[in-house]
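Before we start, here is the structure in question, set down as structure tokens.
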Amino acid sequence: MDPIASLAYFKPELILIAAVFVILTLDLAGLSKPWLGYLSIAALIGSVASLSGNLFDTHWLFFNLMIYDGFSVLIQILVLFMVGLPILATIGSTLIHERQKGEFYVMMLALALLLIIMGSTTHLLMIFLATEAVSLSSYLLVGSQKFNKKASEASLKYLLYGAVATAVLVFGMSLLYGLSGTLALTEMPIRLAKLGPQAQGAVLTAMVLMLVGFGFKISMAPFHMWAPDVYEGAPTPVAGFLTVAPKALGFLVLFRVLTIAFPVQYHEWSALLVILSMLTMTIGNVFAVSQNNVKRILAYSSVAQAGYILMGLAASSEVGVYAVFIYLITYLFTNLGAFLVVGIVEQSEGSNLLEAYQGLSKRNPFLAMTLTIFLLSLAGIPPLAGFIAKWFVFASAIHIGFISLAVVAAVNSAIAGFYYFKIVKAMYLSPGDKESPIRKNHLAFTAVLIALAGTILIGILPSPVIVFVQHAFMSFRTL
Amino acid sequence: MNFPILTWLVFLPLLGMLAVMLTPKQNEKLIKQIATVVSALLFLLSLKVLMAFNLHDGGIQLAEKVMWIPQLNVHYYLGIDGISLPMVVLTALLSLLACVASYGIKDRVKEYFALYLLLETGMLGTFLALDLFLFYVFWEVVLVPMYFLIGIWGGPRKEYAAIKFFLYTLAGSLFMLLGILAIYFTSTPQTFDMIALRQNNFAAGFQHIVFLALFLGFAIKVPIWPFHTWLPDAHVEAPTPISVILAGVLLKMGTYGFFRISYPILPEGAHWFAPWMGILAAIGIIYGGFVALAQTDFKKLVAYSSVSHMGFVLLGLASCSAMGMNGALLQMFSHGVLTGALFLLVGALYDRAHTRDLSAFGGLGAVMKVYAGILIFVSMGSLGLPGLSGFVAEFMILLGTFKIYPVITGLSCIGILLAACYMLYTVQRVLLGKVNPKWEKLTDMTGREIFTLAPLMIVTLAIGVYPILILKFMTPAITALVGLLS
Amino acid sequence: MIPLHHILFFSSTLFCIGLFGALSRRHVVGILISVEIMLNAANVNLVAFSRWTGLIPVNAQVFAIFIITLAAAAAAVALAIVLTIYRNRKTIYTNEIDLLKW
Amino acid sequence: MVNNASTLICFIPFLPLIAFAINIFFGKQLGEKSAWVTLACSTCSFVLAMLVIRPVLSGAVIQVNFDWIVFGSGALQFGFLADPLAAIMLFVVTCIGSLIVLYSIGYMHGDPRFSRFFAYLGLFLFSMLGLVLSTNLVQIYIFWELVGVCSYFLIGFWFEKDSAANAGKKAFITNRIGDVGFFIGIALLFYGAGTVNFTDLTHEYFHHHHQAILGIAGLFLFCGAIGKSAQFPLHVWLPDAMEGPTPVSALIHAATMVAAGVYLVARLFPLYEAFPHSASVVAVIGTTTACMGAFIALSANDIKKVLAYSTISQLGYMIAAIGIGAMSAGMFHLMTHAFFKALLFLGAGSVIHGTGTQDMREMGGLFKAMPKTAWTFLMATLAISGIPPFAGFWSKDEILTHAFLHHHPVVFGLLLAAAFLTAFYMFRLVFMTFFGKTRGHFHAHESPAVMTVPLMILAFFAIAAGFPGSPFMHHWFQAFVLPGEAVKANFGLMMLSSVVALSAIGCAYYCYIVKPEMPARITQAIKPLYQASLNKLWFDEIYGATVVRLFQWLAGTLFLFDQKIVDGAVNGSARVGLWISKIKNWIDQYIVDGAVNLVGAITRITSSILRLFQTGVIHHYLLVMFIGILMILYGITK
Amino acid sequence: MEVLTAISKVGIYVIFGVTLLGAMMAVTLRNIFHAALSLALTLIGVAAVFFVLRAEFLGAVQILLYVGGIMILVIFTVMLTTRIGDRTIPTSNHQQWPVLIGALLLLLYFVRMIGKTPWSIKSELAVVSAVQIGKSLVSTFIFPFELTAVILVAILIGTVILAKSDEGEEKS
């Protein structure tokens, strides 16, 4: 499809682009910051609202550089929450300096756009461009609180690690191009098949090098080392965003690359991902156990969660694909919700240590309860969303016969219960020193409520989500 | 089906929980009233189910089946049969009594009763669910409120006990989850329907593995030796009403799992593993008895006695015979009643003396006459005195198992002996001997406490004297189950 | 013309040198320099492949241009971040920047 | 008549139960009137029992049944069975029971838990009657346990005394040991024979189903009797049980409950008859017990202890009798013994009531102060010593005759020796208590009529109860119990046993009246034997050192095991963790405190160590990435 | 002609050599400023390789953007954060020897992999002109081309946030 015709399917992105520039202008014009925030959210809602027609038709846009399928629609909807909730929580928060909020919103909107693009392409060039752009923006967001030592350090680590990972990724991409002679993933299987078995080593090498780049994005062990530091150091709304958005897109891209470009090498990458999945979840969980900083616990937990999602990817059966995306969706609400609560507490207490959470159940029962629900969901306790997700990943492993993987995951889930309940324990069981109630921040509470609603609703009525993912998968399969 | 009685049974407490949450924190009286009324209604509902129950039908009754997650073929499927009915009645009864016994809770009343009602939903749901998915959901729902109830309102080492309980059970249930998934994917057509799954003849090797996975989940809950170590801690630290629920209902969930899932769906696995279960049961019976004998903490003693008594349930299960399994089911009921009563008694004593150290007491028989009478009564029930329910159950189990595992059963008989030893030793240390002047001022049982204990005593006596009262509900279902096993 | 292999050997060597540098430097800028070398290795690859194997040769070169562009953007970002860290911590040695750990 | 009786039979056990219920719930209001409730109920039971026994005497068997437990295909029935055996027991229990209730009114007068005592008595009578009327082994087992628990309550009635509390516990647990065997026996029988109903377990049945397992079942079943009837080696509880009030000792630990073991063996007589090996075990145990009890009784100084060992000895007689095949004789002795032993105990109770001591060394010369008690006591003593024509003579002689005639010379000899000892120690008791000079400091007085009247009634039975089985009535009793059994009186043996008894009395007279310093000389002469007797053959010490110690050790060890090993894989691994960090606080905080279980501890330690890999230094992170790449490449292209 | 070819071939290897030398210096030199200068040498070398490979446009871009842009940024950074003459502080960390071994292993692996792979080499070597690139940038790749604008704007904003010094902000 040529660019002009493509624009018809490009309305959400156009709205976001427009919003980026409008808000930038209005910011310079001195519009009050909360209004900029509301506008940004309105833009996000508008972009989702502009989705029309049959969502599950597949279209190629911009000379096949972009693909518009069920998954990209899914991403467009998810982005509303991934970006919208942190923005909503930031409007009344002091975690992002008031003066920077205008730029912050612009950056977030730009990221929303880039994330959508990242999720709607099967072209190496576009993948690189979007991935790198998302990374660069993320580095900047992490470091945006520039007088915060931890934030700037996190930003630097993120930058350096990301730069090396991207370089490896690009090198892998260049090899892949050399082998296949094309940048479009869809053309690759045939081209690669022509090379014969002699080229298998090179193909796998290219794949592995690319895996490093995406592994960095999804914080897959052994490429996860940056994640805890960055998540801990980043401003909390940004950290929440980072644990869900780039990771979700990383998974989508990885899924696309592996299934579209390397279906022949399924056995290799599947076996590899099984091992890495075990490694990731184990490292994430084991490291989290001895932490006493809530944000860092959640950071390691999000590494571990990546391991669970990898289970579905490793299986890569139909159930596996459902598992990946259902997990991502539930994880979005749950983990983001948890980070939002952490942000509220941090703003009030100025600390993320477990001590700050002691007695929270008395000081603000609502916050304590919501955080507990998020943690329970992360631990996979029914009837919350996390359980459905866990159910699917376990199902995918069992279904395809990865028994050892399933067992490792089960053991890991039990370990995870331990540290999640460390937080719960601090909130409910330990007596706190302070009695003063936590200040109310209605917008942030609204954001938390939305995440909470998602967490509970998906848990009780998962059907719509499953149906959506099924349709997305169908449209993807017709490629 | 005009009135979805089972649904009401499961979700009425949830409604109650919402009502409690909407009540202002200060209005503790209203909160207690709500919880009590809900629990009482629940008990009445369970009686209604009892009335509506068809005695001659060994299958599922009053079933309610609605599609829940069509993509996964998950149904909202509730139903009751002779196996779950006693458990439901027991749960409803103990819930009501423990709720009344909870009036003594002073701290964070609102949260307590909200969680308590949530717990009720989880327990009843577990016993009524006939869909594996739904079963797992309720199974896990029980965990969370229990964690808080132990962790917030418990004793000095409550945090340790609570997390230990939680993690142990969570670990077990995760393996159970794997087992459930394996069953689902292997069945044709793929289904979570426990009843439909009985038609599947799974391969023997598969049954063995899956049985083990499920066993792990259930065994930890029961708890079967050597997975029992969470139990003493949890029991000792939990507040009295929660100990009652824990011992009275939660432990039964584990053995219920065998009755409901492992045995009917995996008969081959059951036969394969039954001897080992018998051995574990015997070890648990004797081990629990001996360890109970060594206790000086009243509550811990009762806790270890639970290990011993639940061993009998397992022994009955291991027999795979009608009599043994009938006995096992009866023992579940009876142990729930008796141990519940014992914990209430321990709690009553603790409320007065603020210690549970058995060596600190003595001669209370002269000071607290009613208490003494009730304690002796319940102890006698617990040690298997004929005429009380414990005896009938243990008798049936031993008699039913004897033919199949004579040696194991013979050894298990030592458990009866040990029960006499530790219960009498306890009675002696608490009630007999000279009165410690420190305790001369202790008041006797209050009306509320007697109210909580009297129904349990009546039930124990009624079943002990005329067991057909309850056996008639169980027997058809057990017969059907034994039919599946052979 | 020299064979493709030799250019690939060259680019691989370049990549490995860059990787070595990225891992063995403790000066932040040193690491960034090494990363640039790695990117260049990829670009050399792309150009070589566009000449030898690419179906549509121009694509690879366009890709390379985007890589260079983004590398430039990355360098700008890096500059900003390095300056911030220098302002906050008065150091740009990686082993001294370890507030966030364990 | 029979139909009528089958209705009435149901009321017999439940009347005392009603008394129990009334006394438990309204005891406080009733005060001392509660005794009359129990008395009324037990008397009614006695009357009803008489009505039921009448048809039985004329050869009818009365039986009622109903389902009790259902399981799968089968059901276990409960009911009431009145046949000759049951009828005898029924008579003994209701009769003696009523008398003792009456006696207790006087004896327990003024006790703070007066009504409770009579409640327990009611419960006991219920249980005992239920036991007696049982139709099958399971039912007997159930009531067996119930009488056990009543015994527990009544022994420990004065629970403020530690010795009483301990004695009650000891009695119950010792009985439980036997009951475990009993239970296994029931199970074996259930699966071996397929039935536990007495009406099915007939001589003919065992004749046709002669499986070895049934013989073993018989042995296990006998365990129950060993416990309940205080046979060697489980007899240790009975002497201690004397801590209870004396009427209780009389009723439960002399006349009725302890006889239940004998009753059980008699019930299963067809089984033992069919399995001579099992029967010989019974005989050996019985004989041993008879001699042992008599031997220990020689040196006891506590009046009740003497009677207790005497009871043990006499029960051994009965058991031995059944063991050698003299079932009817055994039952006969059971009945006569019930009367005279109850009388002995009540007399002893009266003495204790009058003097306030139980130690015979402090008594003496009470004959004048308590003539009624003394006379009745003397009757009973003559009965137990086997002096014709008192009841004990006929029954004991019957056993000896059977042993002699059926070629059990060893049993005969030993039982004869036991008879000698019995007469000796009983008269030792009489002489020390009622004759000679008063040694203690008390003012003895005769007991009230409510106590002496039962004594007199019992004295009547002690004299007369032997006649139904004597040649004067053509051994009517034996024929009633076991129709068709040929019993012949052997006058030679009668003479022999009478002579033995009389010579024993003579010895006692010589030792304790003529030459009071004699016993001390004799004990000096046979010191080891005396010590053995005085220390009750050291049974308690041996059990204390072995069984009890073993149990305590096991309990303690297993608990430690539970704490340290099973659970404490935690603590173990915590200790392993010590070397990792020497800092104690760190351990406390991260390991001891946080460790939840084995996995938890290991995870925690691993975590605490592994987290150090997250150095915070970016080039380390990159190194990990690099190593990862190398390993993956190596792995994937291998 | 053959001589010329030979010379040009030798020339190519010389360029390779110089480039690699520059790269090695860039990653090993202690003085970070010298390292930056060595990087410039490398980049120019790579640009030369581009020219050799008939990718003149890219070579030009390389010189303009890289040598002209990125190099400036790098040197800028160095100058803002380091005293240039400072030689005393080691700029390498302690893991250089293991990493060196690893890098050599990786190189070995690459060499073997490259040698083993049957590259599907076209019969005729392609030459891409600047015009072609320009055309494709405004046709096929119009979308990323435009997108880059947005990206750059976003990054610009972010960079500005970081770089601009707000005196008024208190340290948090």
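Chains: A, B, C, D and E, in written order; residue numbering restarts at 1 for each.
What we mean here is this: a residue touches a chain if its C-beta (ideal position, glycine included) is under 8 Å from a C-beta of that chain, and two chains touch if they have at least 3 such contacts.
Just so it is clear, the model here is predicted, and its values are computed rather than measured.
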item: Set of chains adjacent to chain B and to chain C; value: A, D
item: Neighbouring chains common to chain A and chain E, by label; value: C, D
item: Chain of greatest Cα-centre distance to chain C; value: D
item: Identifier of the chain whose CA centre is least distant from the whole-structure CA centre; value: B
item: Reference chain B; chain at largest CA-centroid distance; value: E
item: Highest-count interface - the chain pair sharing the most C-beta contacts; value: C-E
item: Length of the line joining the C-alpha centres of chain A and chain B, rounded to whole Å; value: 43
item: Whole-Å separation of chain centres (CA-atom averages), chain B against chain D; value: 35
item: Centroid distance [mean C-alpha coordinates] between chain C and chain A, Å; value: 26
item: CA centroid of chain A to CA centroid of chain D, Å; value: 76
item: Junction residues of chain B - those touching two or more other chains; value: 163, 167, 171
item: Multi-chain contact residues (two or more partners), chain D; value: 596, 599-600, 611, 614, 616-620, 622-623, 626-627, 629, 633, 637
item: Junction residues of chain E, two or more chains touched; value: 93, 95, 99, 102, 106, 109-110, 113-114, 119-120, 140-141, 144, 148, 151, 155, 158-159, 162
item: Chain-chain contacts as defined at top; value: A-B, A-C, A-D, A-E, B-D, C-D, C-E, D-E
item: Residue numbers on chain A that touch chain C, as the complex places them; value: 124-125, 128-129, 132-133, 136, 139-140, 143, 146-150, 152-157, 159-160, 163-164, 166-168, 170-171, 173-175, 177-179, 181-183, 191, 228-230, 232-233
item: In the complex with chain D, residue positions of chain E that touch it; value: 93, 95, 98-99, 102, 105-106, 109, 113
item: In the complex, chain C residues that touch chain D; value: 19, 22-26, 31, 94-95, 97-102
item: Complex interface listing, chain D residues touching chain C; value: 611-612, 614-619, 622-623, 626
item: Footprint of chain E on chain A - complex, ascending; value: 3, 6, 17, 20-21, 24, 61-63, 65-66, 97, 99-100, 103, 106-107, 110-111, 113-114, 117, 125-126, 129, 133, 136-137, 140-141, 143-148, 178-179, 181, 191, 194-196, 198-199, 201-202, 205
